[in-house]
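Input: one structure, supplied below.
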Amino acid sequence: MTLRTRRRFLAGAGAGLGVAAAGGFVPTRFAIGQKAKLKIGLMLPYTGTYAALGHNITDAMKMRLAEAGNKLGGREYDIVQLDDESAPPKGKDNAARLLVREKCDMLIGTVHSGVVLAMAQVAKEEDKFLVIPNAGAVDLTRKGCTPKLFRTSFSNWQPAFPCGDVALKDGAKTAVLMTWNYPAGHDSLQGFKDSFTKGGGKILKEILIDFPNVEFQAGLTEIASLKPDCVYVFFAGAGALKFMKDYEAAGLKAKISLYGPGFLTDGVYREAGSAASGIKTTLHYADDLDNPMNRKFRADFKKQTNRDCDVYAVQGYDTGTFLVQGLQAVQGDLGADKALVKAWEASKIDSPRGMFTLSKSHDPVQDIYLRQVWGGEEKYLGVAHKALADPGTGCTMA
Amino acid sequence: MADAMLETRGLSRRFGGLAAVQDVSLAVARGKVHAIVGPNGAGKTTLINLLSGDLRPSDGKVSYQGSDITGWPAHRVAQAGIGRSYQKTNVFREFTALENCALAAEARLPRLHLFRAAATFRETAARAERALALCSLETRRETRAASLSYGEQRQLELAMMLATEPQLLLLDEPLAGMGPEESARVVDLLKRLAADHTMVMIEHDMDAVFAIADTITVMVNGSVLASGAPQAIRANREVQRAYLGEDAA
Amino acid sequence: MSLSYFLIQTLNGVQYGFLLFLVASGLTLVFGIMGVINLAHGAFYMVGAYLAWWFARATGSFVLAVLLALPITVLLGLLIERFGIRHLYARDHLHQVLFTYGLILILNEVQRVVFGNDVHGVAIPPLLAGSLPLTEAQSYPIYRLFISVACVAVAGALYLVIQRTRLGMVIRAGSTHREMVAALGFDIGRLFMVVFGLGVALAAFAGMIAAPVNTVYPGMGDQILIISFVVVVIGGIGSIKGAFVGAMLVGIADTYGRVLLPTGAGVVVYAVMALVLLWRPQGLFGRMA
Amino acid sequence: MPHLSRAALTALVLATGFLALFPLWGDTFYIRFVTKIMVYALFAMSLDLLVGYAGLVSLGHAAFFGIAVYAVAGLVNKAGVTSAFVLLPAALGASAMAAAAIGWLSIRTSGVYFIMITLALAQMLFYFFNDQKYWGGTDGMNIDQRPTLALGDLTLLNFGSRLQLYYLALACLAGAFVLLAVLLRSPFGHALVGIRANEGRMRALGYDVQRVKLIAFVIAGTLAGLAGFLEAARSTFATPALLGWHESGHVLVLVILGGMGTLYGPVLGAFVVLLLEDYFATLTDRWLLIMGVFVIAVVMFLPDGLAGLFRRVASLARGRGRSAGDG
């Protein structure tokens, strides 16, 4: 197997993880009129703000493929890896590079929803499969759904929806919502709103901050003057960390309980210290989920990469499982696309986050968990919503 | 004055607290050469800048051929037929002498053409050539302005102004820094131009001034000290005391 | 809404304005004296913040971190001046813009290589931790007030330098006339170095002092750079006084824009800038170019 | 004033011929890639009219590129219009109007003020698209259909064909080149160059300097809009980053690196920079670092860009006889 780089071509699953690559076995079935090896295009961010996500997804996925013997449906494969830089303007060109120049048989990616939008269209034009291991924009699987597009992660609506019920259960009647003024934020707020208003709660105000500004003071002052029972926010990364600190410093934390999807605290709750303590979030994963698979996966991932496992690694791992199972069903023949769509639609993915299946719009149907940061750890509290599916409104699979 | 081509009334310009030009009222008669003299810092160049539209007056009025042009931007003043030359040579150094004049001549096209090649405007090209010839630069037409001698650059400065075919010339020290020979040539040119142009001229070379000017205005400290025919100015004792003292002695 | 609500929002705006002033003053100073547009100004803000975070973690003291990080950032700036920008003074603005654009690319990447992609919080020094209750629901972090105080102190020091020193005379004249600078006893090369160093110091100091409330993250310099440009343009390029007024205007416009026009918040400050320019193309306190 | 030497003309004809024949052997991916390069070459050429000829350094030129993309996106997605007969004028019109507005505000200033003001005003447009849900926000949006160009049932141009798109881009690039060459030989072009050399003198000669600058600004913006239209047809994707200041800085790099004040310089710059970026990216994830070093090296050592390098080489080859002449 040759190793080229562009953005590095990593051959086989093992490279970079120290797992021996598979040998040169070619199933006879594909000897005629079929390329011997599958070529999988992996488009993820390896530089920039989302680099850590890209690396965790990639490494965990390769781990899973290595566990399956570095074969997909009995076939060998090459992975062509490309850094998408989380740059939407380059999305189409990069996707075309993988599908047209490298002649990849399918695409996997990515983190940034804007880039996925671009990838999805190229994949559709080239009639290739696209599996999304992170980006949660709801439009992708709603009005943008296509038979060959699958998502193994979540929709932005999904982790948000149960959070409204959680807040109601905690006794909140009124809420102020706050997020960056961008699509992921809108999706997430909608999820919370759907359940919170259905249960009789009242949204006092939605505060939007221009993305990616992190100057929250004006919004916090508004919250203080509206005095809602609770606040639901969607922020991640730098913004999440800063928001929690500002929220605490403004004296709001002690008086108005803060909720959010798990992205609020994941990865930053240690840096946030006391500012994160006590915050309840909902997500399709929790670090301390008590199942053997999770325990094993977390240990393995730590051992292989020397990094802590997170929800993104889990999504990468599950993407691996998804590939392994689907291609097993069609014995590695990506050309058998009808059969593969069927197989994938019927998937049951055994995951560190618990078993999940796929919805009609090709999104995971999964449990959403309630977690709380406590004593410097993120603790699993229970299931907030069992087997939740994105409504998939507007998906026609034309 | 009935036949004043250019007239100012109470023209003033202040910079901060300093009045560079104060209450200047002038009438430049059509077809005449009106010289403005005075010691350095008398506000002569500021006055020219006020007339050319490079500066806006703080007070007062400028009228040209009967219409009020106070506060007009420089390009509009130029379009109206007032050309100016600069004391410090102000030519396009990277262009040839001909290109300099062509650029000037093209300024007079009735509208700004975007798609027609400049070279196809015959009349404009001829005007540029004429201006060059008038200033005795025809042999230097293809020479880069920066490579011209100082005197030639001064002549080019005049040629550019002439290429715009102005009716009124504002000349800021046309003889500045020239040797006697070049000076004589330019004085000769100015005399010829005086035949069919009105001129306002700042000049330190009093021989030249008395040789060309029909009217002389003496400025001191931003104000007009005296104004009149050369003989009258020569005879004016106040002027002699304030300015011409040494020269007249 | 209540009076206290508006007072607090105004406080938010002013406080944000102070921080903007700190960054913008360096930008406008470097331009006013040297005629150099330093696009890498935001990058120095970032370098300062990252170094402060790193030293704070290593030494456990934020104050010590600032004392260590500031000279290092300034030294970096001076090296860049000495070996790069100095050779471009005689050139067109364009080349300076491009050079500093290249610097942004380099400094951003170096930051990622050295410090990684993670977001980091910087602990507020214990002495300044805590909040003052303003209303029954809201408190105001002491550290934020401290930032304002520090900014006022820097602004005051700048004012003294500008009004009372020979360097200040040059700055006020806003000129690089060699004769004048020489007449005041300055070597122009030395002067430029000092001014550039001062500009870097202001950017870096702003990055450091804001780190505990802003967190430290990749690309943080780009964001502050653009908004500082707006401040400088509004105030008049080269004018410190203008930078101060511009910063306050932007801080308050941004705060109220967010409250009153939530979906157009990003546009508000630019609209303010456009209005100011319509009125005065050279900015509030700028000299005509 | 600008003239094209014989050698440059020959080189141009050869380059155009090469580009015209390239699809004969270039594979699909490179046809796509060269199409993109040509779009950026056109974009850079439009900026060069401002930077290289009028002396107006705009750091907000991407706004006009991006707004054309959004004009196409809006009409296709929101109004269902696909005819290029509507889309193209709409894209150009949107860019021209934005350029007229931004230009009107900016040209009242000059030099460094101009740089900063164009930057800030373009950011305003950036934030407009970045913040509005309607336009897809930060994610941007796919353009649902490609433009069509048909008279009745007769399809004149199939925008879905990579090859036809390639030749459309080539034709636009060549057309813009000719248009700019014509403009630069006209009195308007002379005025532009004169203004860059000495604005005050031009005023005294009677040129309405502001008007000339504004016209140049609008022409440049409109040509950037043409590039934007091609980008929309090529990538069928609209994203706010297309209007952002990084994009403006990037296209400025193309112009300066290629050599400003020449028409072929920006084209050269687009080809060299985009190909290099692609190559660096295959070497390392840290390719932006290399790019930064590269940009700085060019500024320090090749201030006249690649075109300047070519000129120097060419004049060396021609011998020293002439250069000694008149200095």
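Chains here go by letter, A, B, C and D, matching the order in which they are written, and residues are numbered from 1 within each.
Quick note on the criterion: contacts are C-beta pairs under 8 Å (C-beta built on N, C-alpha and C of every residue); 3 or more make two chains touch, one makes a residue touch a chain.
Small disclaimer: the values here were computed from a predicted structure and weren't measured.
Colleague: So if I look at the partners of subunit A and the partners of subunit D, which chains show up in both lists?
Modeller: Both subunit A and subunit D are touched by C, going by the contact rule given at the top.
Colleague: Determine the shortest chain-contact distance, in steps, between subunit B and subunit C.
Modeller: Each step joins two touching chains, and the minimum needed here is 2.
Colleague: Which chain pair shares more contacting C-beta pairs: B-D, or C-D?
Modeller: Between B-D and C-D, the larger count of C-beta pairs in contact belongs to C-D.
Colleague: Looking at CA centres, what chain is most distant from subunit D?
Modeller: Between subunit D and every other chain, the largest centroid distance is to B.
Colleague: Where the centre of all protein Cα atoms falls, which chain's Cα centre is nearest to that point?
Modeller: The most central chain, going by mean C-alpha position, is D.
Colleague: Where the centres are mean C-alpha positions, what is the separation of subunit A from subunit B, in Å?
Modeller: 75
Colleague: Suppose each chain is reduced to the average of its Cα coordinates; what separation in Å results between subunit B and subunit D?
Modeller: 43
Colleague: How many angstrom lie between the centres of subunit C and subunit D, each centre taken as the mean Cα position?
Modeller: From the centre of subunit C to the centre of subunit D is 32 Å.
Colleague: Distance from the CA centroid of subunit A to that of subunit C, rounded to the nearest Å?
Modeller: Inter-chain centre distance comes to 37 Å.
Colleague: Two or more other chains in contact with one residue: find those residues in subunit A.
Modeller: Residues 47, 181, 210 of subunit A touch two or more partner chains.
Colleague: So which bits of subunit C are touching at least two other chains?
Modeller: Answer for subunit C, listing residues that touch two or more other chains: 112, 263, 265-266.
Colleague: Multi-chain contacts only, two chains or more: what residues does subunit D have there?
Modeller: 127, 130-131, 133, 286, 288
Colleague: Okay, what are all the chain pairs that touch?
Modeller: So, checking each combination of chains, I get A-C, A-D, B-D, C-D as the touching pairs.
Colleague: Within the complex, which stretch of subunit D touches subunit A?
Modeller: 27-30, 32-33, 36, 127, 130-131, 133, 136-142, 235-237, 239, 241-242, 247, 281-283, 285-286, 288
Colleague: For the complex, give me every residue of subunit A touching subunit D.
Modeller: 5-7, 46-47, 83, 87-89, 91-93, 96-97, 100-101, 113-114, 117-118, 120-121, 137, 144, 181-184, 186, 210-211
Colleague: Tell me, which parts of subunit C touch subunit A in their complex?
Modeller: Touching subunit A from subunit C are residues 1-2, 5, 8-9, 12-13, 15-16, 112, 117-121, 123, 131, 133, 135, 137-141, 143-144, 213-215, 217-220, 223, 254-256, 258-259, 262-263, 265-266.
Colleague: Would you tell me which residues of subunit B are touching subunit D in their complex?
Modeller: Residues 52, 54, 73-76, 78-79, 83-84, 86, 90-95, 99, 102-104, 106-109, 112-119, 121, 124, 143-144, 146-147, 160, 164.
Colleague: Quick one: which bits of subunit D touch subunit B in the complex? Just the residue numbers, please.
Modeller: 1, 182-183, 185-191, 194, 197-198, 200-209, 211-212, 215, 326-327
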